Amino acid sequence: MATLARHWAVLLLVFPAVARSAAAQLPGVAVERQLAHELGLSVGDTIRLGPRPDTAGTLVTISTIYEPRADPAEIAKRERHLRMHLPDLVALLGAPDRVDRLSIGLRAGISADSASAVLNRSAYGFRAYPSASIAAESSQTFRVVSRFHRAIAVITIVASAVFVLCIMLLKVEERRLDAAVMRFVGVRRRTIFGALLLEAILVAALGCLLGTGLAYLAGAATNAYYRRFFDTVLTFSVITPGIVWFSVVLSLLLGALAGALAAWRLVQTRPLVLWGRG
Amino acid sequence: MNRAVLVARDLRKDYPMYGEAVHALRGVSLEIRGGEYVAVVGPSGSGKSTLLQLIGGIDSPTSGTVEILGTVLQSLSDRELTRLRLTRLGFIFQRFHLLPVLTAQENVELPMAEAGVPRELRRARALELLGYVGLGHRARHRATQLSGGEMQRVAIARALANRPALLLADEPTGELDAATGHEILELFRRLNQDGTTLVVVTHDDRLAEQADRVIHMLDGHIVIPERREAPAVPGLPASTA
Amino acid sequence: MRGLGWSLRSLGRHRLRTGLSIAGIAVSAAMLLDMVMLSGGIEKSFADLLLARGYQIRLTPKGTLPFDTEATMSGAIQLVTSIRQTPGIAAAGAVLGASLYGRRRDSLITLFGYGIQPEAQALYTIISGGDLSPTDSLGVLLSLPAARVLQAKVGDSVTLVGRLDPQVVTAAVGRTLMVRGLVRWVYDYRDQPSVGTVLPVMQSLAGKRPGDQASLLMVRAAEDSAAPAVVTALRKRFPQLEVNSVADLVREFKQRLVYFRQLSYILGTMSLIVTVLLIATLLTITVNERLGEIATLRAIGISRVSVVREVLLQGVTLTAIGSALGIVLGLVTARYLDSILTSFPGLPAAFSFFVPRRESLTRAALVLLLTGSLAALYPAWLASRAAIAEVLRAEAA
């Protein structure tokens, strides 16, 4: 069963059957679920297919309703598809012996690259590509989206780092009188620094936990929303262990660094200045 | 006899502390006339500062009334009370509490700006007051560039900005060394000689000594409302009335 | 207290924390601005593209959008002639899009071909050389990438072939044409090698001659305001065709890029939340630190309103400075983000996702200022509620 390649799609207009006719000789077609739902079709129904709105069309019968493979490149387009046997489509379109592409399965042990090279040596009017390179090429869109997400993530991390540093500075400065008293009674700078750093790391750790939980919730909400919105089973948000580890490590690092900077600044200040008398 | 500037009647103030009531003031009454210099003394916790805060309208009594120039403070709204503090009273605090980002002149101008005094007028008055307290040459210095004594003098100038009927000072020499404290002493004496009514809460005996009247407080009561008389023997304190 | 100077000087007292806060607000403001540009930029850019030469209406085969499929409609010339005679219509032209090949020595270069009616087109602007005349069946226009791959310039001849037959290894159709001009095709993606000939020549090359096929018709209403009425009339007259105004096409395009719009709302909201948190935290801590000062000011007669005003002013000042920096930063990051998104394969090179417009800049700035003011409300309320006596007692202790 050949499928219509998107770039060479010919318009098919569906004329809903006047009556349910189960003529055994009618060509069978497979209709995707969303199309069947929109037009109220079920298996056994007869419909007319035509290449143009002004043609009478050919009667066909719906032999299958299938769930289309979720294609991220297609979901926003809201195109609807059906499948039919190649000879039936050729007959319908009046296009003699012409297809958009051929799919070739190789025997075990034959590499796709070498097979493509052999075919391309004598190719005229066509080119052969390994499926992997097609997949790579058609993934360009998502690579762009990934790069965009990464850029947004970098900006967000920068904003978060500034925010964390600012907050840590404020929180540490709030404790300057306490720090001054501790220095007056002989507590070492190192001890104060260590205490403040530990506090910063604890706050960062708690923030990580909370953030990870929020991320899982947001991911679940994103998937639920977009699956419903696009009527698809695709997964839009995936939080892998790698992502979690990266986020946790980065957050802890940023929090610790911010806390360390703020604490260092505090312990470098003379106690009298901290007290407000310097 | 000068009219009464301040009349306080049976003032009581209780604070909740760890579930119990602390009686900071237990029925204090007093009257202060125009031009008087009154010192309020007593040990820590005797209720001196509480009394000052009540008569200054900064805090409200649990019971009792305070009248300033015939106006009962307890009958005023918060906005009216604020306005009264701005125009009829002047405050001086132990820790000066100047705005560190402003210059000496700007700190003195602050209450006048709030009262809507035009810029040129308030600038002139600020410089005049700074000259009065001996800091005319430091008008453009930031508060943080001044010494403790200088800051307190600026605070005094600020308190005088809107020509208050009554000046209230809470431990004005508490943060100052002896020599600087002496300068403040002299300034208060001069203020009073020039007609300013003063109520000063203090631990400083020197301030108490130069007052017309000394009020001793203990455990929230006035124990000895002392009116100063000229000493019978020079160098010896006057006898209590 | 009067005047901005006091608030600014208070901010200058702690330079590091003020600087960091402003930096944080700037980054958030930049993000917000970028998201505002993104949310409105897509439709603005696309609409500008479609209205490049003032053609407000497109007709395509039923159920399709321009250049979205290989579908064609027949009787193109007849349709165009009929439409041109309709009152209220200033111009109409047919376009055929097709894949074909250019011969360069012994190899064939894949090209995209536009079959056009030069007297009524909105597809290209001339870079050098001249245009095709309406009956010029010997001329061709090249895009710069096409000229590069074909190694041709104005005045040179190029050979275009179509309908390759792999079994007999020949091209069924071939034409040698003279390059009349180099043009920029409005809808080409980056480095797309495109060529343009008059419609009959391209129909022949693409094997679409029978039936006089075209991919779309472009129509220009005499008045912009009359375009919706013309669309309605055309829909009634040609029910077998898809008739879309630019607004319809923009709506469809927005639907396809709905993800970016939603992302822009989410990220924009998050930026505002960060801004609120930053300002509220900074000012709350600052107010707490200065409670003694505030209590003293209240004690000497400064009103609550004045205290609140000064705190609000600080919040607005921080936001204003941060926002000003953020707008500059946002314009820079927008260019970078736009360079990423415009590398989508198949996207017209003239398209932009982040379009800086005065309205979006103004809107972002106003939203930020409002947010900054709201963020300062809580600390301002705290400052106004300072219990004077309690604070003074604590200070003296």
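We just call them A, B and C in the order they show up, numbering each chain from 1.
As a convention for this text, a residue touches a chain if its C-beta (ideal position, glycine included) is under 8 Å from a C-beta of that chain, and two chains touch if they have at least 3 such contacts.
Here the structure is a predicted model, which means the values were calculated and not measured.
S.K.: Computing the C-alpha centre of each chain, which chain sits at the greatest distance from subunit C?
M.R.: Ranked by distance of C-alpha centres from subunit C, the top chain is B.
S.K.: From the Cα centroids, identify the chain that ends up most central relative to all protein Cα atoms.
M.R.: C
S.K.: From the mean C-alpha coordinate of subunit B to that of subunit C, what's the distance rounded to whole Å?
M.R.: 67
S.K.: Mind checking the centre-to-centre distance between subunit A and subunit C? Centres are C-alpha means, answer in whole Å.
M.R.: 22
S.K.: Compute the distance, rounded to whole Å, between the mean C-alpha positions of subunit A and subunit B.
M.R.: Centres of subunit A and subunit B (C-alpha means) sit 71 Å apart.
S.K.: Which of the residues in subunit C end up touching subunit B in this complex?
M.R.: Interface residues on subunit C, with respect to subunit B: 1-2, 6, 9-10, 12-13, 292-293, 296-304, 306, 388-389, 392-393, 395-396.
S.K.: Flag every residue of subunit B that touches subunit C in the complex, lowest number first.
M.R.: 49-50, 53, 56, 58-59, 78-79, 82-87, 89-91, 93-95, 97, 99-102, 110-111, 113-115, 158-159, 162, 170-171
S.K.: Could you please specify the touching residues of subunit A with respect to subunit C in the complex?
M.R.: Against subunit C, the touching part of subunit A is residues 6-11, 13, 52-54, 76-78, 123-126, 140-141, 144, 147-148, 151-152, 155-156, 158-159, 162-163, 165-167, 169-171, 173-174, 226, 229, 265.
S.K.: In their shared complex, at which residues does subunit C touch subunit A?
M.R.: Result: residues 14, 16-17, 20-21, 23-24, 27-28, 30-31, 61-64, 69-71, 74, 164-166, 169, 239-240, 255-259, 267, 271, 274, 277-278, 281-282, 285, 288-289, 333, 336-337, 340-341, 343-345 of subunit C touch subunit A.
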